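All chains are identified by letter, namely A, B, C and D, in their written order; residue positions are counted from 1 within each chain.
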Amino acid sequence: MDEARRVVLRGAGATGVLAVALAAGLLKPERAIAASWNKAAFDAKSAVDALKSIGAADTQESGDIVIEAPQIAENGAVVPIEVSSKIPGTTSLAVLIEKNPFPLAAHFKFTGGAMPFVKVNVKMGESSIVRVVADAGGKHYTATKEVKVTIGGCGG
Amino acid sequence: MSGPMKARARMQGSYADVRVLMSHPMETGQRKGRDGKPIPKHFIQNLEVKLNGKTVIEGEVSQAVSRNPVFSFRIGGAKAGDKVEISWLDNKGDTNKTETAVA
Amino acid sequence: MRATAFVWPLTAAIALATTQVAAQSRFEQYQKMVGEDSPAELFVLVGADLWRKKQGPKNASLERCDLGKGPGVVKGAYASMPRYFKDTGNVEDPETRVLYCMMTLQGRDRKEALKRPFGNADKPSEMEYLMAYLAFESRGYKIHPGKSHPKEKRAYELGKQLFFARTGLWDFSCASCHGTEGLRIRMSDLPVLSKAGPARAAMSTWPAYRVSNSQMKTMQWRINNCYRQMRTPEPNWGSEVVNSMHMYLMVTAEGGTYAGPGTKR
Amino acid sequence: MTTKKWMLAAGLTALVFSPAAVADLSYAEVQQIIKRDFHAKGQAKMDRLDQDVVQRVCTQSDDKPPADVAKAIEADQLAAIPFPSGSLMGDWKKGASSAWSGRGMQWHEDPKKPSGGGCYNCHEISAKRTSFGTIGPSLRGFGKKRGSGPDMQKYVYGKIYNAKAYSLCSHMPRFGTTGSLTEQQIKDLVAYILDSNSPNNQ
């Protein structure tokens, strides 16, 4: 984290007196980026454990979460997944690839005018259920979609 | 080490459609190099999107995001000319950012 | 490839080109989603910088390179190659021509400039970046390689014969895989490259970002890669064989709207 | 190959109109250009560019050789297959992994490691594998449908060893003739296709 901060500060162009002040903790740097990362959730080896770690152990199925993903992907290295929630008050969306070694792939929080929508390309080791969990008013809603991963090319 | 980053934002009705491309290896730690040794994990962990200086999206991602990541977001209430800034931070502390005006 | 011939809808004008791609594929939804926003654009950015970068013994950029439309003209050039060049007396595709410009304008040694024509995901080659840039500058242009000079005609003829010639340890011709409609290798659809429709879809989207290995790949690489899988020795970079194969494919694709760099499996 | 048949094949250009060999570039010229414009790399030596009679006849006839020519050369190819004595059924489990692997004989590959058959590149076989090509016919349930006796074993072995012995301009490589697969590997593939215990016939 120290290394991260140092680089972030350098990236922000901190030099001279300003850098000294920042290093001494006298000034808060213009926050280049939020740096909290839920290690427990991302290291979880099952979707259930990952959901517990993000505080979403209890979920209910919802038809208002839309997952657009190809039913069949030509290559697992890039599988585009577009998710959005029509549930009023949605503040976060988590994307989990259930069969991946570490299922949680992304967790986005939305504030201000940002709509609960994200499109992201993910790696899938094999065909899997893609699970999306939305947080709205402290309640968690979920939806799934299956994506089949195939193998192309000459395999050599 | 970090290559280019590119963003564009366009009004689509009531929201700004924001698309961003990033150069990053997104190493999973499971791949082996030519020398047979595993290549250490190296991936983006945090993303942030700001509209006119105010944070609107905070993302945490894993090594499962594809190499050279591509993201799309939608920001309601934006208008043409608004400033959109996007930055990332990876597990080694490398960072990069870009900005664009909503068209 | 026909199957991967979506068009990246950067502009409305380009999007019109999708109408020429009628082929249906089980991967259509996948390819459309992958192509909508592609890292290919990052390679275009780096390529544009490299094109303008002064380097080599003459400390010059490639900006005055004559790609067939006069020195310094890059718009539409990629889509109008390969073509015959009077100064070299040869039919040259974009990569072969850019090598010539590196040698003449920048004063670089052929060996040095060609040390690493094909890169990898960790370190793409200079040529791969440059081709992404030149390809981008041809978006929306009609594919129209040189067809009138006798050497251009010869290149087409040679390319055509090469396309159908059985060769290599495993007796393949290009047509073994790319000559019959509706076939696939594993789950990859195989475009019939001797027919205008599929050839247009394929040739309008090379060079391409390959998502399977996160690399920008050029047409010289693509031809090289086919021969590798045909179990032949390696074709010489920039040789008459490779340029002629490229010519045959581009002439077959003539009239298509160029939309590279593409994004493929 | 007998002298008579060599002559027959060599004279083919005159017999068959070939759309692939037109205009001012002769067959010989094209072959010369090919040899000039390639270089040996790794295990892929330049002799791989020497067209043998099969490649030449198929190239010159646009893969449609006259029936009598095809028959004569096919017979020669068949006669050159060294069929092992005894059972041709190997281990279907080994055959399964070899059928799936597409590696082997390419210039960047280590020739000491065994090649795969790459069967799934072109053929549908076991229902367990959902990624398969369609250049060749489906072989799913082949043993169940067609039997697995000595004659069928010999046919499948021969087909893998040298597909050109059965259909001259087939697009299938000659895995045995070219040394791409060993006798044991071919037997294992025969079992994968025919053995009643193989998932292909379950």
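Following the convention adopted for this analysis, a residue touches a chain if its C-beta (ideal position, glycine included) is under 8 Å from a C-beta of that chain, and two chains touch if they have at least 3 such contacts.
Everything numeric in this text was worked out from a predicted model, so none of it was measured.
Ranking B-C and A-C by contacting C-beta pairs places A-C first. In this assembly, the C-alpha centroid of chain B lies 29 Å from the C-alpha centroid of chain C.
The distance from the centre of chain A to the centre of chain C, with each centre set as the mean of the Cα atoms, comes to 36 Å. With centres set at the average Cα position, the gap from chain C to chain D is 31 Å. Look at where the CA atoms of chain B average out and do the same for chain D: the two points lie 49 Å apart.
Shown for chain C are the residues that touch two or more other chains, namely 37, 185-187, 211, 214, 229. Listed for chain A are residues 77-80, 82, 119, 121, 150-156, each touching two or more other chains. The multi-chain contact residues of chain D, meaning those touching 2 or more other chains, are 106, 120-121, 131. Looking at which chains touch one another, you get A-B, A-C, A-D, B-C, C-D.
Against chain C, in their complex, chain D makes its touches with residues 20-25, 30, 33-34, 36-41, 44-46, 48-49, 51, 54-56, 58-59, 62-63, 105-108, 120-122, 131-135, 164, 171, 173-174, 178, 180. Looking at the complex, you find that chain C touches chain A at residues 3-4, 26-27, 29-31, 33-34, 36-37, 185-188, 211-214, 229, 265. On the side of chain A, the complex with chain C involves touching residues 68-75, 77-80, 82, 119, 121, 150-156. On the chain B side of its complex with chain C, the touching residues are 3-6, 19, 21-23, 25, 66-68, 70, 72. Chain C contributes residues 153-154, 157-158, 160-162, 164-173, 175-177, 180, 182-187, 190, 227-229, 231-236, 239-242 to its touches with chain D in the complex.
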